[in-house]
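Labels A, B, C and D are assigned to the chains in the order they are written; within every chain, residues are numbered from 1.
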Amino acid sequence: MCRWLAYSGTPILLDTILYKPQHSLIDQSLHSRLGVETTNGDGFGVGWYAPDVEEPAIFRDIGPAWSNRNLRELSDHVRSSLFFAHIRATTGTAVQQTNCHPFRHGRWLWMHNGAINEFHQMRRDLALAVDPRLFLEMEGSTDSEMMFYLALTFGLEEDPPGAVARMVGFVERTGHEHGVEFPIQMTVAVSDGQRLWAFRYSTQKQSRSLFYSTAVQTLRELHPDLTFLQGVSDETRLIVSEPLGDLPGAWNEVPESSYGVVEPGADVLNAFTPQAA
Amino acid sequence: MCRWLAYSGTPILLDTILYKPQHSLIDQSLHSRLGVETTNGDGFGVGWYAPDVEEPAIFRDIGPAWSNRNLRELSDHVRSSLFFAHIRATTGTAVQQTNCHPFRHGRWLWMHNGAINEFHQMRRDLALAVDPRLFLEMEGSTDSEMMFYLALTFGLEEDPPGAVARMVGFVERTGHEHGVEFPIQMTVAVSDGQRLWAFRYSTQKQSRSLFYSTAVQTLRELHPDLTFLQGVSDETRLIVSEPLGDLPGAWNEVPESSYGVVEPGADVLNAFTPQAA
Amino acid sequence: MCRWLAYSGTPILLDTILYKPQHSLIDQSLHSRLGVETTNGDGFGVGWYAPDVEEPAIFRDIGPAWSNRNLRELSDHVRSSLFFAHIRATTGTAVQQTNCHPFRHGRWLWMHNGAINEFHQMRRDLALAVDPRLFLEMEGSTDSEMMFYLALTFGLEEDPPGAVARMVGFVERTGHEHGVEFPIQMTVAVSDGQRLWAFRYSTQKQSRSLFYSTAVQTLRELHPDLTFLQGVSDETRLIVSEPLGDLPGAWNEVPESSYGVVEPGADVLNAFTPQAA
Amino acid sequence: MCRWLAYSGTPILLDTILYKPQHSLIDQSLHSRLGVETTNGDGFGVGWYAPDVEEPAIFRDIGPAWSNRNLRELSDHVRSSLFFAHIRATTGTAVQQTNCHPFRHGRWLWMHNGAINEFHQMRRDLALAVDPRLFLEMEGSTDSEMMFYLALTFGLEEDPPGAVARMVGFVERTGHEHGVEFPIQMTVAVSDGQRLWAFRYSTQKQSRSLFYSTAVQTLRELHPDLTFLQGVSDETRLIVSEPLGDLPGAWNEVPESSYGVVEPGADVLNAFTPQAA
């Protein structure tokens, strides 16, 4: 339905990750290999943290990423140490800027691939559960934005893994009340500008693909000739819907029902279990 | 905030009304005289009933009407006996297709100029009052669409004036609960393809401007040389936010707190009073 | 690079041809089978002749056809007896309305699939050959529009097959002067609202695919149960970049280096040979 | 027809100049005071030089600047020591990205307010004079882009004032050959990332308005309480179509038929005289 990537590490031009790789996200917008659809042309977005600015920037537009000249320009001129990029394939909701990822709340960015099944049927019940002060901020009509505001309602800013678990638990319970067997399907990335969380989960345990890059140090040993690897810090990490190329040893599947944290020091990979909200 | 017009009568090219008049709606998009803003460039829309098609067509886009070539093309090629046109000046909600007027539900079209004051604060409470089956259809984030779905909830398809009165009553009650002194400001047009209702009302009794055209028969006597008047039926009528020109005797203000009905036979002008929902 | 279709016959809703068929043009915008690219998402256009209006209408926009709601609306409400539709996959020129097909000059519509190889190198020389009065009208930057204005310069309005032959001859000569071995690749449709010409040619004799529909009378005998065929006249004809479905006996390849004319009475299929301009 | 500004000085967020001033460029897009039209809503653009990147970035879009959320985002996150911003009011040419300013060639940016009168009539002759290698790069259909490529043809990269003088001389000669009494009307800004040139000229000697900011040192003496002035270098300078506010002593009109150079050391103001090309 969509494809995304999240980068954390040495500040680089967005271009380095968005356009340069053999099977870059831009290439995936036309030729996704592991997605539900090969084409992801219903809008796109990037979000990035800039030095000395409190809130991250978001740039989102409604055409395909592959032909967007402004995205090309930004990618050639903006450097960031933490950024999100997302290409959308709508499952029916309108193609409009307010439905493009990433979504933002204060310092927080959120993006999603997947769906709430029968979202249309549940939308009202889910909306009612959003904190009324947060409800004011919602502008779009997607399940993805709803998941973000539910997670914020359930404490995302204090405890991201717990809040996401409660959001998923709540969506599943609401779905079951509506007779939906498998209510949720998701890979999600969320960040506060310091840390980056990535979740892979679906009620049916057949989640969309998600990969993380091998530790830079290990990659350097495997591929001592790759100059790119010399220029980035040991802590640099990528999380992607599908690998950006075929480099042996570079990509590892995030296991079913788990989540990872990219943070200063050692990264973490944990099991993910929905919780009662 | 916005400007609109509604036409009912002899089938004509949209161009005849949208572009040709001296102070046409397209001219108003750049140089509104009676609006809150002189510029109405935040999207536009037309809706028209076509022979042999159940639902009316809507064509809406997010740029200014004045430079939209597709609107120009349609206006030169589409004929209709009943159509709506609207130019938008947003008061903050996103500029996107799903926020452009007219809105449609089955055979019904709706468009609005004005605002629910402090809509942001009331939006959740108003949304809760929308019939859950209708809630599924809402795609945008405007007060105007919310008013339409509330009116549908309160029986628009059976009793338009009553349903609009209950919608306004409900919005005013909700507004007062939120401490808003003057909750609503509106001119509204609504049609089912046979009849056309136009409302002018505001809590403060200082409503946006609204005019209806003088009976064609009277106009022909006043202006026997105007060939346009020879080509249209006696029942042809226009309702507009502001006059399309300076033709003496052509335009009459819809009185404060009233509504009109354009229908086969004599048209009607009645007082409008909000009702308890 | 692109896909197109041209319809001539009994007036029908555009929807009947654009959306309803199993492998409709809209389906081809995402999943072209015979095109150079599977995705044709860089803008689209329709052009149609309306009763009582001299010039045909054109509706063109820059996003993908598959998600365009205005195209969906028009297709559900506009009837025509002769219309063009085109979906674009750019080979580098800007994605903008003035580069979308069909192009129009007076009563004439033109659309194209293919390319002038090394167009960039030849563009200036080709532009110089356009009649200065016609040059004023050119707004875009594509090879396709250039071919149209060259054909107009070479007499399209008097002798379409001759003018297209001279245009191709001129492009080939210019290409060879620039050292381009195979200067042109094209399928082209052109109409004046009465007749419809379709050309298939490439210097290399490996032209893009082009098909025409079998005579309605023959199809009715083959498929007596297809109600659609009962509702259209014997003269109804479709020309398409690729078949709209798998109906046996329905589609015939336009031979390499040939052109067809759809006109009142028997249609014509002739050999096509470039000529000196 | 258009409004623009050029900034050179201490690196600042674009927001500081584009949105914050009382009568900012964004305000001018709705309420221009000195322009030919009050509304400048037919596209916009910004161009900025970023550290460590050879070519400047350009961000251009086709809707009005006042409602563009991506422009708002960029302005809040991008810092630059030299940037251009432009809002467009078309005089007829298409509203499309390739017609938005600034235009770029290598390290050079160009933007323009004004018009070549009867450009349509002269376009072909002017195009013929563009260096064929540069002709390849032209993508739009405006007089402004044509002026840029003529100036490049006449040596802009070596001698900006001389090349612009020759461009104007050539346009005037061509205009006169076409019977146009007053062929050109312009304020132009051009930069290579180091220096900034601004021209004010029209054949009729009734040029569009252009202003430059008073030396920062003088302004600090006039307004010792303005904190903004404490944060910027002595060399900081703004050139604008119309003043960004009413600060006494802040704005000086660029004289008719003259040009200025903003550069390291003292800035320069010279007479401008067209030359034979």
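Please note the rule applied: a residue touches a chain if its C-beta (ideal position, glycine included) is under 8 Å from a C-beta of that chain, and two chains touch if they have at least 3 such contacts.
Just so you know, these numbers come straight off a predicted model, no measurement behind them.
Trainee: Determine the set of chains touching chain A that also touch chain B.
Mentor: C, D
Trainee: Quick one: compare the interface residues of chain C with those of chain D and tell me same or different, with half as the dividing line.
Mentor: On the two sides of the chain D and chain C interface, the residue numbers are mostly the same, over half being shared.
Trainee: How many angstrom lie between the centres of chain A and chain C, each centre taken as the mean Cα position?
Mentor: About 41 Å separates the centre of chain A from that of chain C.
Trainee: At least two partner chains per residue is the criterion; list those residues in chain C.
Mentor: As it turns out, chain C has residues touching two or more other chains at 69, 94, 97.
Trainee: How about chain D: which of its residues touch chain A in the complex?
Mentor: Interface residues on the chain D side: 48, 50, 53, 55, 57-61, 69-70, 73-74, 76-78, 97.
Trainee: Write out the stretch or stretches of chain B touching chain D in their complex.
Mentor: Residues of chain B touching chain D: 30, 37-39, 41-42, 62-64, 67, 69, 90, 94-95.
Trainee: Going by the contact rule set out above, which residues of chain A touch chain B in the complex?
Mentor: Listed in rising order, the residues of chain A that touch chain B are 93-94, 96-98, 120-121, 123-124, 127-128, 132, 135-136, 138-141.
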